[in-house]
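Here is the structure we will look at.
Letters A, B, C, D, E and F mark the chains in the order given here, with residues in each chain numbered from 1 onward.
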Amino acid sequence: MNKGIRFFEIGEQIEQYFLIKSSTKGIASNGKPFLTLILQDKTGEIEAKLWDATEEDELRYTDQTIIKIQGDVQSFRGKQQLRVRKIRPLMEQEQIPIDYFIERAPLEIEEMQSKINEYIFEMTNPNIQRITRYLLKKFETKFYEYPAATKNHHEFYSGLAFHVVSMLDIAKSLVSLYPQLNKDLLYAGIILHDLGKVIELSGPVSASYTLEGTLLGHITIIVEEIGKAAEQLEIEGEEVVVLQHMVLAHHGKAEWGSPKPPMIREAEVLHFIDNLDAKITMINRALDKTKPGEFSERVFALDNRSFYKPSFQD
Amino acid sequence: MNKGIRFFEIGEQIEQYFLIKSSTKGIASNGKPFLTLILQDKTGEIEAKLWDATEEDELRYTDQTIIKIQGDVQSFRGKQQLRVRKIRPLMEQEQIPIDYFIERAPLEIEEMQSKINEYIFEMTNPNIQRITRYLLKKFETKFYEYPAATKNHHEFYSGLAFHVVSMLDIAKSLVSLYPQLNKDLLYAGIILHDLGKVIELSGPVSASYTLEGTLLGHITIIVEEIGKAAEQLEIEGEEVVVLQHMVLAHHGKAEWGSPKPPMIREAEVLHFIDNLDAKITMINRALDKTKPGEFSERVFALDNRSFYKPSFQD
Amino acid sequence: MNKGIRFFEIGEQIEQYFLIKSSTKGIASNGKPFLTLILQDKTGEIEAKLWDATEEDELRYTDQTIIKIQGDVQSFRGKQQLRVRKIRPLMEQEQIPIDYFIERAPLEIEEMQSKINEYIFEMTNPNIQRITRYLLKKFETKFYEYPAATKNHHEFYSGLAFHVVSMLDIAKSLVSLYPQLNKDLLYAGIILHDLGKVIELSGPVSASYTLEGTLLGHITIIVEEIGKAAEQLEIEGEEVVVLQHMVLAHHGKAEWGSPKPPMIREAEVLHFIDNLDAKITMINRALDKTKPGEFSERVFALDNRSFYKPSFQD
Amino acid sequence: MNKGIRFFEIGEQIEQYFLIKSSTKGIASNGKPFLTLILQDKTGEIEAKLWDATEEDELRYTDQTIIKIQGDVQSFRGKQQLRVRKIRPLMEQEQIPIDYFIERAPLEIEEMQSKINEYIFEMTNPNIQRITRYLLKKFETKFYEYPAATKNHHEFYSGLAFHVVSMLDIAKSLVSLYPQLNKDLLYAGIILHDLGKVIELSGPVSASYTLEGTLLGHITIIVEEIGKAAEQLEIEGEEVVVLQHMVLAHHGKAEWGSPKPPMIREAEVLHFIDNLDAKITMINRALDKTKPGEFSERVFALDNRSFYKPSFQD
Amino acid sequence: MNKGIRFFEIGEQIEQYFLIKSSTKGIASNGKPFLTLILQDKTGEIEAKLWDATEEDELRYTDQTIIKIQGDVQSFRGKQQLRVRKIRPLMEQEQIPIDYFIERAPLEIEEMQSKINEYIFEMTNPNIQRITRYLLKKFETKFYEYPAATKNHHEFYSGLAFHVVSMLDIAKSLVSLYPQLNKDLLYAGIILHDLGKVIELSGPVSASYTLEGTLLGHITIIVEEIGKAAEQLEIEGEEVVVLQHMVLAHHGKAEWGSPKPPMIREAEVLHFIDNLDAKITMINRALDKTKPGEFSERVFALDNRSFYKPSFQD
Amino acid sequence: MNKGIRFFEIGEQIEQYFLIKSSTKGIASNGKPFLTLILQDKTGEIEAKLWDATEEDELRYTDQTIIKIQGDVQSFRGKQQLRVRKIRPLMEQEQIPIDYFIERAPLEIEEMQSKINEYIFEMTNPNIQRITRYLLKKFETKFYEYPAATKNHHEFYSGLAFHVVSMLDIAKSLVSLYPQLNKDLLYAGIILHDLGKVIELSGPVSASYTLEGTLLGHITIIVEEIGKAAEQLEIEGEEVVVLQHMVLAHHGKAEWGSPKPPMIREAEVLHFIDNLDAKITMINRALDKTKPGEFSERVFALDNRSFYKPSFQD
């Protein structure tokens, strides 16, 4: 039915559904108010101007609403812009799956829940297991809906949980190759390491930073939560401070946001796995858009490198 | 009565009291055990060897005991060493003030308590005031006895409280010069900023790092304590996260141990005052041992600089 | 009478006085000359185009002239622009206080002079006092009119003197808290530290860098001036080189422009005070424009940080 | 039979076999020549002095010879030293397994050969497979005997091949988790990445750097070898330059010795796996010598960090 | 006849020859195709739009074609643009020397050849001489046509050879001042150091990077070529690895692209000469466009510095 | 007659002249005073102990005295030490050329004077010429005797002038290769660039830093001297500030001690020549002590690199 925004061409007439990512009011040279709408679907974003906007329009076309637009794709200063002919809100009887508008993890929440629960089930140290289970339960809904970041990688719906599941799978294979690794610590560290993001970020979609997120950061937030959980569960063993350290150190270095570098073997491995999953994910995404025999666009978070897709790669 | 260790000269015979800073057992070439004692008084340290040490000696001459030695000051590989003729523990009736052996803050604990309480009393925001008072009370004894560090500056008995008092005095004068500063935040930040040291360090004298101190650090420790205090006191205002940020950011930069840089005006000022008091204290100490017209020894924590005492300085 | 530029709104008609910050000639597509005027008052700047400019216009509407304009506020590429209907130079009988057009220090020159003279009066070392007084006298007029910088902080009329006065006040309170500090050195260092700016910069308003300023910098300039002053006054004591060092080292580190780091206690303190006054001033300015509960704009010179104004701040 | 050097105690008499790690001639104060022998077995090293050494001794007791010594363990300047009573070379009939003297990989060469051949067998791209097989064959003996480094990790007999096998195992599990990865490239890159070490280093035991190793380094050496192999095998596809890049980039950054950063996905992953195996190996070794509840010695190659072994770790 | 592009003025009508640097197709708002042509001559570049471009136009006006245009110089968004009235390809009988369109080295190829051959002739070590001669011969045509870089310095036709000649002349005078320098090594190193650019870059004009250039870089490329040349010439002496090192190390530091720093005296000197010629060339170019008493534009490759041309400089 | 210290062997008896580099009094275990003498000749240094030193000895054997010693070369803690049998001061009739004891430049002072005067004579700008001549005359004696540094390179008698002469010779050849260079500026900059060392350092032999040298540095010192010279000579042209900049910028970067980077072409070239002469000199010295086919000792000031002397180097 609908053609994705990324595939729009100048001159084309379209009629389809969009999610309003942001709606901002402005005043035109003629003194009349207008709305600048950033419209999104899963494939991209496009700007649209709604001229001579009424007060009703302002109330109706707010952030995160779904609308239907009929219009023309035009060019403005080298970028595409949508000229709106008709616009209306979604009607009650219309059912557009949210997947149409936003990117989400390739696994269903239930699958991820079942995998993570299995990993927790495998733990043998009761203190570590109880703290992990307690905190996961405390923030469960958000954990399975939030992204892992606002940009770069896993910045989509359920991205946080999906990142954790991928990391757990890597951890499992490393545990079998290096049997000295403490499985409980490593699994718990992975599950908790970014859990503070459910407080640091504002929501599952188009997330921004909360005040607590900006002033304290997700690492500090979850370290405090582990402390409170231990108090609540009346756990006093060394596991508490060790788990807090796992999370505290997972950025690897002070200048990357970890006030203490990893001083536990599993903390070092956690830092590695986190990095590895993030980097492969970013490179895969860049190469998905690249033809064999060509270089990808530059990836800012990877030192602005461009990656080559060999021509013999099928 | 006693001559300070710093003033010992080779060839001299001495007879006086020392605090054993550390006692380590070794085995001599002849196969017999001996003790290497590091003796200290307020002016310095000297090594002594106790040859043919009995098991009783080992039990008697342990760390932090006070002893009396009669012996000769000798030279060994360019350093002074004490040749022990007689040694015995302190006898019950002997009263040696602890000040003789260790350095301590120039203010009495009572004076510092009264000054700090006055600063708390001046606060007008009840949330900030209550959290500060609660945490100070929780760790009060240790707060007034612990050093502020294990080396470099304020590493003496009551050093932590003394550092806080000096900083509060600077803060007071800045508040009067820059009236926009929020006095409550600044005073509370100063009082709490290093309070985590009472958990990070092992004790008031010859302090080393605890496990929690090594793996988490005093900043993370006290941030968590502020969170728990707020929960306990049922305080939910923005003051909690702002206070936590004040403490979190007081090292100024990620690479110096603050995962977030100051993003509150008073946090920036707190960072400054902390630095200023530490630096003036270190330079003063180096110059105290320097004659006019000469350069001091190098101060490692100040980029290994040496400071000149002008010859016109009286 | 006049509405500040910062408060102009699109569509508005205005008629008021401006200072021409810069006037640049251009050639329009129709081949005729026009002037691009950057107009300023104390609250901000706005661009105006004067089309079909005559040669007389060019001569009349030059930098730093005051003019009266009647026109309309319009929008051009997202920024405000003034469409000129009528323009004329200031007439002789019109008296517009310069404060209307430019920012200036909050203290009057006389007040600052009296404060600084008092600080000089307090000095007891005659060599330091004489050099300070001699150089201040030599550059007196400029010292009280120049800014302390071309941007970031104290970049306004009398900014240099005001920065010095604020620093002296901080110094005074530090001297009382740390009595070991040599008051004479510290006060003299503060008064002289940026005095080279009267040669480095081009003038009191809209300052740019002179050739000497660019090739040598204000630090080198004033160090040489201290040397010449001593020669002139026939002063030969160690005070000369120590004062030169105070100034030379006040940027704190080689990479910040001081070829020698502070190696005198008072030089370290001077560096601190300079930094502190600059930083508080920048943060205050950013927060003045910020509502409680919001973050300020980013401050480039403070590592591009944004500062939060707590919502409980009144 | 033999007690390892690490377990020697002062005062003990020993009689056992050693490998001479190095033998250096000196002249004693009495004008007579002596030999300083560094003796090693798998557990450690000890110094021995052979006084009044004859010319025959000099020729007999050279580097890498096995000898038998009867002597006493003594203390000299705080370190153990062996006082030699009797010394003689290994006699023909004596059979001391080389494992007694040197550390070696935990897998037999045949096992490693079979694993690596299997990985090569799995490759489907003939160009990649042929180059890999050709170069492995060219340097086969050395590849299975050389260490991977002179210190830090895998610096033992067969260390290079063992490091490669461990990396291939990690690669295999990553390939199954991230199916986009090109298995052929990744396996070939791992097998070749450090192969230049067989030219960079001097031999399988107590390796030092060759001239080529010092002036060019193992990365440049093997990149050239790949080029020559392709020429020899008359392979001209893009695989050649891509394989060369895999090796060239495996240190990850210019400052770590790779003139080009990874610009192929598999090159980035190779860099990660290399790092991961090296780091886990180093941490494991440090923790093997550490008791639960204690910190390990500092590991220089890991930013001089010390690692904690949790007390709940069995 | 022709006026250089740099000297065009708005409003002017011109009729002259250009080289098309790049030709890009676009679609106008009216849905019709157009070509954006970047036109160049030796003095600069200008953009031209060819509206309503036919398919024939597309095929005719491609990169690196010479054309004749009649049109008007206009202003568009502050930059000059050429409005095309008439356009046609170069006719067969028209002879425009290539120097008119592109910058080239100030020496003729023959002169450079003769100078370089003389330097090779002066070498006395046959191994060094043969390798140098062999490689120069192998890539001779390209060596004398390619630029030394794509931007910053010597980025013109024959720039590579000209850079080498200038460096050889400096080397000659240093050899006479420091007679310990090995002339053969230094000359050979200079001739070979950038020779890999003939593979790294795509051609003599408007060069971009080849795949080999991007993934391996000119240093690695030529090091391999030296190895192959030695094999071909059956040279086995130490000269091979030393020459490879000369080239490998010529960027001076790992972070500048040399995996090994100079460890041969002549390698250090080669690095210096390379830098010196590059820097003087860049500064000269910047100052050529600067009037006495003014500062040049900023030179990005020289830390973005601006250079002053003294007013007493004639 | 005399054998150089570097060639002493343990057990040897010697009788020869030495220069006392330093003489330090100590107190032996038996309570009697002794002198530790560091003796030097051009080839090296050796320590000698003079036991039971009388007060007369102390006065007689002070720094920089020449003495004659008869004694034995012994070994103490792995280093050679001289056991003194007889010692006496130099007698009046004994004539030992100073070259025997200290290293000095390979050119005579007169030769250097004549070369430098010739370079000054070649200058055509009278302002530059007069300032250079004036300052050279002002510090002439010291300029021809002082070293250029206290260690690393040119740290010998007349080292400063010799360094300047070598640099002038390089400059001369660069001026002929790059005719745009302003000869006057370059020559004057070279002659003046390190002239401040005659105030920064304490003397021509065994130099240490003066107070002015430590607090201001030779760059600041000479910049001020240029300013005073111009005042004295009543020169006011732009040459003054340009010459000051040449000297100010000759360390190239702020972190290397130049508060301004080179912003004049000749300043950049001066920085280069300074570096080049220093580096070649250091490498030559290291290689002089190295056999062909071996690596030199590490050179600290060259990033601690070791240099290889090729085996084909004669």
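Quick note on the criterion: contacts are C-beta pairs under 8 Å (C-beta built on N, C-alpha and C of every residue); 3 or more make two chains touch, one makes a residue touch a chain.
Chain-to-protein mapping (UniProt): A, B, C, D, E, F = 3'-5' exoribonuclease YhaM.
These numbers come from a predicted model, not from an experiment.
Peer 1: Quick one: point me to the chain whose Cα centre is farthest from that of subunit D (3'-5' exoribonuclease YhaM).
Peer 2: Computed centres place C farthest from subunit D (3'-5' exoribonuclease YhaM).
Peer 1: Among the chain pairs A-E, D-E or A-D, which one reproduces the interface of C-E, with more than half of its contact pairs identical by residue number?
Peer 2: That interface is repeated by A-E.
Peer 1: Is the contact between subunit A (3'-5' exoribonuclease YhaM) and subunit D (3'-5' exoribonuclease YhaM) built from the same residue numbers on each copy (over half shared) or from different ones (under half shared)?
Peer 2: same
Peer 1: Looking at C-alpha means, what's the farthest chain from subunit F (3'-5' exoribonuclease YhaM)?
Peer 2: Farthest from subunit F (3'-5' exoribonuclease YhaM) by mean C-alpha position: A.
Peer 1: What's the distance between the Cα centroids of subunit A (3'-5' exoribonuclease YhaM) and subunit F (3'-5' exoribonuclease YhaM), rounded to whole Å?
Peer 2: A distance of 63 Å separates the two centres.
Peer 1: Taking the mean of the CA coordinates per chain, how far is subunit A (3'-5' exoribonuclease YhaM) from subunit C (3'-5' exoribonuclease YhaM) in Å?
Peer 2: Here subunit A (3'-5' exoribonuclease YhaM) and subunit C (3'-5' exoribonuclease YhaM) have centroids separated by 45 Å.
Peer 1: Give me the residue numbers in subunit F (3'-5' exoribonuclease YhaM) that touch at least two other chains, ranges are fine.
Peer 2: 211, 214-215, 238, 242, 263-264, 295, 308
Peer 1: According to the definition already given, which pairs of chains are in contact?
Peer 2: Applying the touch criterion to every chain pair yields A-B, A-C, A-D, A-E, B-C, B-D, B-F, C-E, C-F, D-E, D-F, E-F.
Peer 1: Touching subunit E (3'-5' exoribonuclease YhaM) in the complex: which residues of subunit F (3'-5' exoribonuclease YhaM)?
Peer 2: 125, 127, 166, 169-170, 173-174, 177-178, 180-182, 185, 237-239, 242, 261-265, 268-269, 272, 275-276, 279-280, 283-284, 287, 295, 302-303, 305-308, 310-313
Peer 1: Subunit F (3'-5' exoribonuclease YhaM) touches which residues of subunit D (3'-5' exoribonuclease YhaM) in the complex?
Peer 2: Against subunit F (3'-5' exoribonuclease YhaM), subunit D (3'-5' exoribonuclease YhaM) makes touches at 27, 29, 31, 211, 214-215.
Peer 1: Write out the stretch or stretches of subunit D (3'-5' exoribonuclease YhaM) touching subunit E (3'-5' exoribonuclease YhaM) in their complex.
Peer 2: 211-212, 214-217, 219-220, 223-224, 227-228, 231, 238, 241-242, 244-245, 248, 254-260, 263-264
Peer 1: Which residues of subunit A (3'-5' exoribonuclease YhaM) touch subunit E (3'-5' exoribonuclease YhaM) once you look at their complex with the stated criterion?
Peer 2: Residues 10-11, 74-75, 295, 308.
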